[in-house]
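Chains: A, B, C and D, in written order; residue numbering restarts at 1 for each.
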Amino acid sequence: MKINRRLFLGGTAMALTAPWVNRAFAADDIMIASIYDLSGGLEIYGQPIDACLDLAVSELNDAGGLLGRKVKVQKYDPQSNIQLYTQFATEAATSLKASAVFGGITSASREAIRPLLGRYQTLYFYSPLYEGGVCDRNTFLTGSTPSQTIGQLMPFAVKNFGKKVYVLAADYNYGQISAKWVRDYTGKAGGEVIAAEFFPLDVTDFSAAIQKIQRDKPDVIYTLLVGGNHMSFFRQWAAAGMAGKIPIVSTSFGGGNEHIVLTPAESDGVMAAFGYFQEIKSPANDAFVKRYHQKFGDKAPYVTEHASATYNAVHHWANGVRKANSLDRMAVIEAIESGSTVAGPGGPSTIDPKTHHCATDVHIGRVKNHSFEILESFPNQPPADTAAVCNLAANPNDNQQYVIQ
Amino acid sequence: MDYFLVVLFQIAGTVGNLALISVGLAVIFGMMRVINLAHGEFIMLGGFAAIFGVQAGINIWIAMLVVAPLSVAFLGIVVERLIMRRLYGRMVDTMLASWGLSLLLIGLATTFFGNRVVGIAAPVGSFQIGTYSLGAYDFVLTGIALAVFSSGYALLRFTPAGLIARATMQNREMASSLGIEPARVYAITFAIGAGLSGLAGGLLAPISGVLPTMGVAYVAKAFITVITGGASVITGTALSSVLLGSINTVSTFLTTPVIGDVALLLAATIFLRILPTGITGRIFKGAP
Amino acid sequence: MTVMALSRSGGVHVALAALAALAGIVILPNAAPLYTLINVTLYMSMGVFALSLALLWGYGGILCFGQSAFFGLGAYAYAVAAINFGDTTLAAVFAIGVPALFAAGLGYFLFYGRLSDVYLGVITLTVTLIFFKLINSTGGDAWRIGAARLGGFNGIPTTPLLTIPFTRIPMSPAQMFIFAAISLFSTYALCKGLIVTRFGRAVIAVRENEMRAELLGYNARRLKLAVFVISAGIAGLAGLLFANSVFVSPTMFSLSMAAQVLIWVVVGGLGTLFGPVAACFALQIATAVLGKLGIVDPNIVLGLVLIIFVVFVPGGIQPAFAALLHRLMDIRADRPVAGEVAR
Amino acid sequence: MSDYLLEAKDVAMHFGGVKALDGVDFRLRKGELRCLLGPNGAGKTTFFRCLTGTHKPTRGRILFKGADIAGKERYDIARAGMGVKTQVPSLFDGLTAHENLWLALRTVKSAAEREARIADAMERVGVSALRSGVLGRMAHGQRQLVELAMVVASDPDLVLLDEPAAGMTDVEVDRLASIIRDLNRTHTVVVVEHDMHFIRMIADQVTVFHQGRILVEGHVERILADQTVRDVYLGKKHV
C-alpha cells in the first residue's frame, strides 16, 4: 500500500510542473492567444472566426511581421465549456504571457474571462457582435452593438411590416439585454413589443411558442436565438406551415450559418442586420473574399460578421503595436486610442477612443437560397449606446458593463 | 375553443414524442435491467443514419423507418457482444460502462460527423384548426408510436418469441435449463432495444437538428419515463408517457418550456415516492 | 482485507497524506508557475468533491447520481452570501450549511420512502437536472437574491474571492492553493477518522446489510440520512473551493459534472478514499492536456477509460494496485512475513 | 408489570384477502424455552415477523416487558431487548466474524468489555476458531452459528430463533441443540422449527400453529402424541 502511494504522488507532481506546452516557438516570436470554441455546440461560430484570425495574422507575417518579429498564435479550444475558458485565459495571461488575447464568443464567456485578463494585465480583444455597454480600458470590442444594428432594423421593420412585435430571445445576458434594446428602439419607431419569450440554449421544442405566436398574431417576429438547438424553431415554424406568413427579422440569424444549414423553405425571407455580409459588393470585400478562399479553399466556412470583426481586431492591434513601436500593454492601448482605422472587408472600422468600440457600416440583408441579398446599407454607424454611458477618457479605471434599464 | 383543441393536439404530439424516445430504453432497461446511459447517443446515431440515408438519395421514409433502426440495431449487437455481455446482473456496472460508451460515441460522432448541425425538412405538410396551423408531422410520430407500442405489446404477449424473451429475462438459469440459449436472447433483445432508439432518432431528425451532443437532452427524460412506468415494460412506459407528457405540455403552455420540463421531473419524483415500483407496480400488474 | 481492517490502519494513511499535503504547501507555491498553482487548486477542489462521493457511496453504500447538486448549491450559496454580506468567512459557512440543510430535507424524503438504490440514484439525478434547468433560466435581472444576480447561463462571474479570515484581503492564488491543500487534507482525515468511529462502523454495517443492522438496534434510515448530510456538506466545501478557482455557473449542476465524479470514484476504487482523489487528479490532467493537444476528442479517452475500468478492473486502481503489490511482495520476499500476508 | 415477558393479544395479519394470522393469543414467561411448531403456511413465521417488527400486525397488541411493540420499528424492538436470528442467515458478509459481533455490541462503550463479551459469546457457541474469517466465504452451518453468537453477544432479554437448524448436518444439529440448552440457562428462548428430531432434543413447552391460529399448547411429549396434531401434520384432516 505505502509504496504505491509515493510512486503515485511523485508521478502526479512531476507531471504538473513539467511544462508540457512544448510549442516549437522561436524565442523572439510575438505570442498572441486565441480562445474560440472549435468543438461542441458553438463550433459553428468558432470555425469562421478562427479562419479569419489566421488570415489576418498571415497577412501581418507576409508583410514582415511586427517590430521585425513573426507573430505566432497559440490556439485554445474551450469546447463550448465556460470552465475551460477561464482556465485557458489564465494560462494565456500567466504562463504564455501573450501580448494580446482574442477570445470569447458568447457574452457569457466574455464576462467570464474579461475580469481575469484585467487582473493579469493582458490586453483583450472581443470581436463578436454583442449587447453593448462594456466599458473597460483593457478591452477593445470590434463587433457591432444594438444601436448600430437594432437601431436601423427596428424602424425598417415597423415601417414595412407593422407595429406589433413578438420577440424570441436566447435566455442569457446577450438575449436579455438585446431584447431590452429591441423594446427601446421599437418604442422610438412607434411600434410595441407585445410579448418576449426567453429560451435557454438547450431548448429544442418550440411548438408551444409557435402556437402562442399564432394566438397573439404579431406583425413581425424579432428573433435573438443563438446556437444549434435554437435552429429547430425555424424548422418547426416551416413544418407548421407558417414560413413566410409572418416576417422574421433578427440580429443573430446568420451569425451561426443558420441560412446555410436550414433548407431554403425554412430560411428564405428572414431579414438580418449586421456590420458585414459575405455577399457585400465592394472592391475591399471582393478582394478579401478572394484571399480568404485562396487560403482556405472554396469549402471554407461562410464569413460572418463575428469573423470579419476578428480580422479587423487583429489589424487594430497591429496598428497599435506599430504606432507604439512596443508590445507594452499601456503603450499599445494609448496608441490605438490615439486613432486607428482598418479598411475592413465590411467597410472602414474606426476605434472610438472614449468607448473602445468601433464605428462601422451596417447592412440589412434578406435570405434567398442559402445566401443574403443586401437590401440597404448605412455607412459609419457610431456605437451610440455605449458612448452614452461610457467615457474612458474621463474615467479610465471604469471597468464594468452598463445595462439598459 | 380552437386554442384548446390545439393544446390537446399538442399533448398528443408530446406524448408520442416521449413514448418514442423511451421505448428503446424500456426494452433495454425495463426488460434487461441494463441501465443504458448511451440511450441518447443511440438516438443521435439514428438521426445521423437517417440523414446520411436521405443524402445518399434514399426516400426519406425508408431512411427514417428502416435505415436508422437497422444501423443502430447493428451497433447494438456489437456493443452487447463486446461490453454488456460481461455485465449482466451487475446493474450499477452496466450504468457506468454505458456512461463510458456514451462519452465514446459523442467523441467519435464529433470527430467523424463534425459538430455542424445537420437537418432534413419535415416530409409532411401542415393542417389548419380554425386559424391555427399545425405541423402534421407530430401526429405522424404519435401514430408511429402507437403502432410500435401495440406491436411490441402483441409481440411480447402473444408470440412464442415474446414469451421466451420474457422468461429468459426473469430467470436466466431456468431458461437455459429448458434449452433456451440466454446469450442469443440477450443479444437479440438488446439489438431490438437499440433499433427502437435508432428509430426514434430517425423520426426526430426532421423536427430537431441532429448534432453529436443532442443525446444528453433525451436520456434523462427517457429514464424517468421508463422508471415511472414501472415493471411491465410496454404498458408502463405507455402510461407514464401519457401522464408525464400531458403534465409537461400543459405546464409549458401555461408558463415556459423550462418550467414545463421541471414540472415533468418533479411529477416523476413524486410518483416514484408514492409508488416506489412505478405505476405498473400497482395497476396492470403483470402485463408485459 | 476487510473494510474495517482497512480503516483500522487508517492512521498510517492519514500521516502519509499529511506529509504529502505539507510537501505540497511548502514546495509548490514558490516553485511551480502561477498557472500550475491555479490548476492544482482546481484539481484539489475536485478532489474534495470526489471524497464526498467516495464517503457517501463507498462507505455509506448510497448510490447518489446527483452529487453535483450539492456541489453547485455550495458554490451558489457562497456567491450569493459573499455578495450580499461581504464577509466571505460567513459565506463559507453558508457554502457548507445550505447543501447540508438541503440534503437533510431531500434525504428525509428519500430514505423514509424505502426506495431501492437504483430509484434513489435516478431521483438524485433528477434533482440535479432540475437545479440545472432552473438556474439556467435565471438570466433575467428579475432573478436576484438581494444584491446578487443569479445570472442564469452566465453564472456569477463577480463572485468575491475568499478573504483571509477576519481580514478584508482577498487570498492570492498562492494562499488559495494553501487553503485548498489544507481543506483537501482535513477532509481526507475527517473521512478516515469518521470511518473508525462507532458512527462510521454503524454506517458500514448498514451498507453491508440494512436488515441485520436494524435487528441489532441501529436506526438505518437515520444513519443513512446523517452520512448523506455530511457528504453534502463536504460537496458544498468543494463547491466553495471551485467558486474561488474557476467561477460559479450552472454547468456545476450539469450531467457531465455528475458523471465525472462517479467516474473518479469507480476508477479510483469504490470503498477507498485515496483512490478517487488520485483518479480525479489523473483524469483532470488527462482531459486538460488532451483539450490542448487537440489530437483526439477528450470524450473518446474518458469513455474508453471508464469502459475498460468497469469491465476489466471492477475494483478500481487502488485495490488493483494493492493486489499487484501483494503479489510482488510475495514473489520477492524469500520467506513470506506471516503477519503481513495473513492480515 | 404482568408476570409474562411476552404477551400477544388477538394478533391478526392479513395480506390482501389472505388471513396469515387470525387472532393469536400467546403468553411467554421469563426463562422459558418455547418452540413454535406447525406445517408451512401455518402462520408461525408470520407471527415471528410480527414479533420482530418486520411486519406491522393488522390487529392486536404485543406486550414485551409490559410495553406494546406491535408495529414498532425493528430497531426500536431490538433496542427494547429482543435478539433475532432470521430464517435465512442475515450477516455482514463483507466483514469478519469478530467485526460482526463487534457491531452487535452497540451499547457497550468500553473496548475491553466489548472484546471480553465477543470472546465469551464465540466460546459459548463454539465459533472462536472462525474469529478472523470473512463471513461471505464461510459454509452455511458456520454462518448460522456466527449469527447465533451475534445474538448471544448482544445479551438480549428474549432470543428469537427462526429455523436455526435449517440446512445443518446431523452433527451440527446435535451441537446446536446443546448450545441452545446452555443458552436457555441464562436467556429466554423462542425457536420456530418444524424439524421434529431437533424439537425433541431441546423443547419442553411447545405451541402448535395451524391456519393462522394456535391449535394447542403444552409439554412436547404430550403434544407430539396428540392425534389432532398428527393429523394436521400428516395433512389428513383440516380442522
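Here is the rule we go by: a residue touches a chain if its C-beta (ideal position, glycine included) is under 8 Å from a C-beta of that chain, and two chains touch if they have at least 3 such contacts.
Note that the structure is predicted; figures quoted are calculated from it, not measured.
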item: Contact-connected components, chain A excluded, all else fixed in place; value: one piece
item: Identity of the most central chain, Cα criterion; value: C
item: Label of the chain whose CA centroid is most distant from the centroid of chain A; value: D
item: Between chain B and chain A, distance of the C-alpha-averaged centres to the nearest whole Å; value: 38
item: Chain B-chain D separation of Cα centroids, rounded to whole Å; value: 50
item: Approximate Å spacing (C-alpha centroids) for the pair chain B, chain C; value: 33
item: Contacts with 2+ other chains: residues of chain C; value: 133, 136-137, 297-298
item: Interface hub residues of chain B, defined as touching at least two other chains; value: 110, 216, 256, 258
item: Chain contact graph, described as a line, ring, star, complete graph or other shape; value: other
item: Chains that touch, pairwise; value: A-B, A-C, B-C, C-D
item: Residues of chain C touching chain D in the complex; value: 2-5, 201-202, 204-205, 208-209, 211-220
item: Footprint of chain C on chain D - complex, ascending; value: 52, 73-75, 78-79, 84, 86, 90-96, 99, 102-104, 106-107, 134, 150, 154
item: Residue ranges of chain C in contact with chain A within the complex; value: 9, 12-13, 16, 20, 24, 28, 31-36, 38-40, 42, 133, 136-137, 139-141, 151-155, 157-158, 246-247, 249, 251, 274, 278, 281-282, 285, 288-289, 291-292, 294, 297-298, 321-322, 324-325
item: Of all residues in chain A, those that touch chain C in their complex; value: 1-5, 8-9, 12-13, 15-17, 19-21, 38-39, 76-79, 81-84, 86-87, 90-91, 94-95, 107-108, 111-112, 115, 171-173, 175-176, 198, 200-202, 403
item: Chain C residues touching chain B - in the complex, by the definition given at the top; value: 63, 109, 113-119, 121-123, 125-127, 129-130, 133-134, 136-137, 255-256, 259, 262-263, 266, 296-307, 310-311, 314
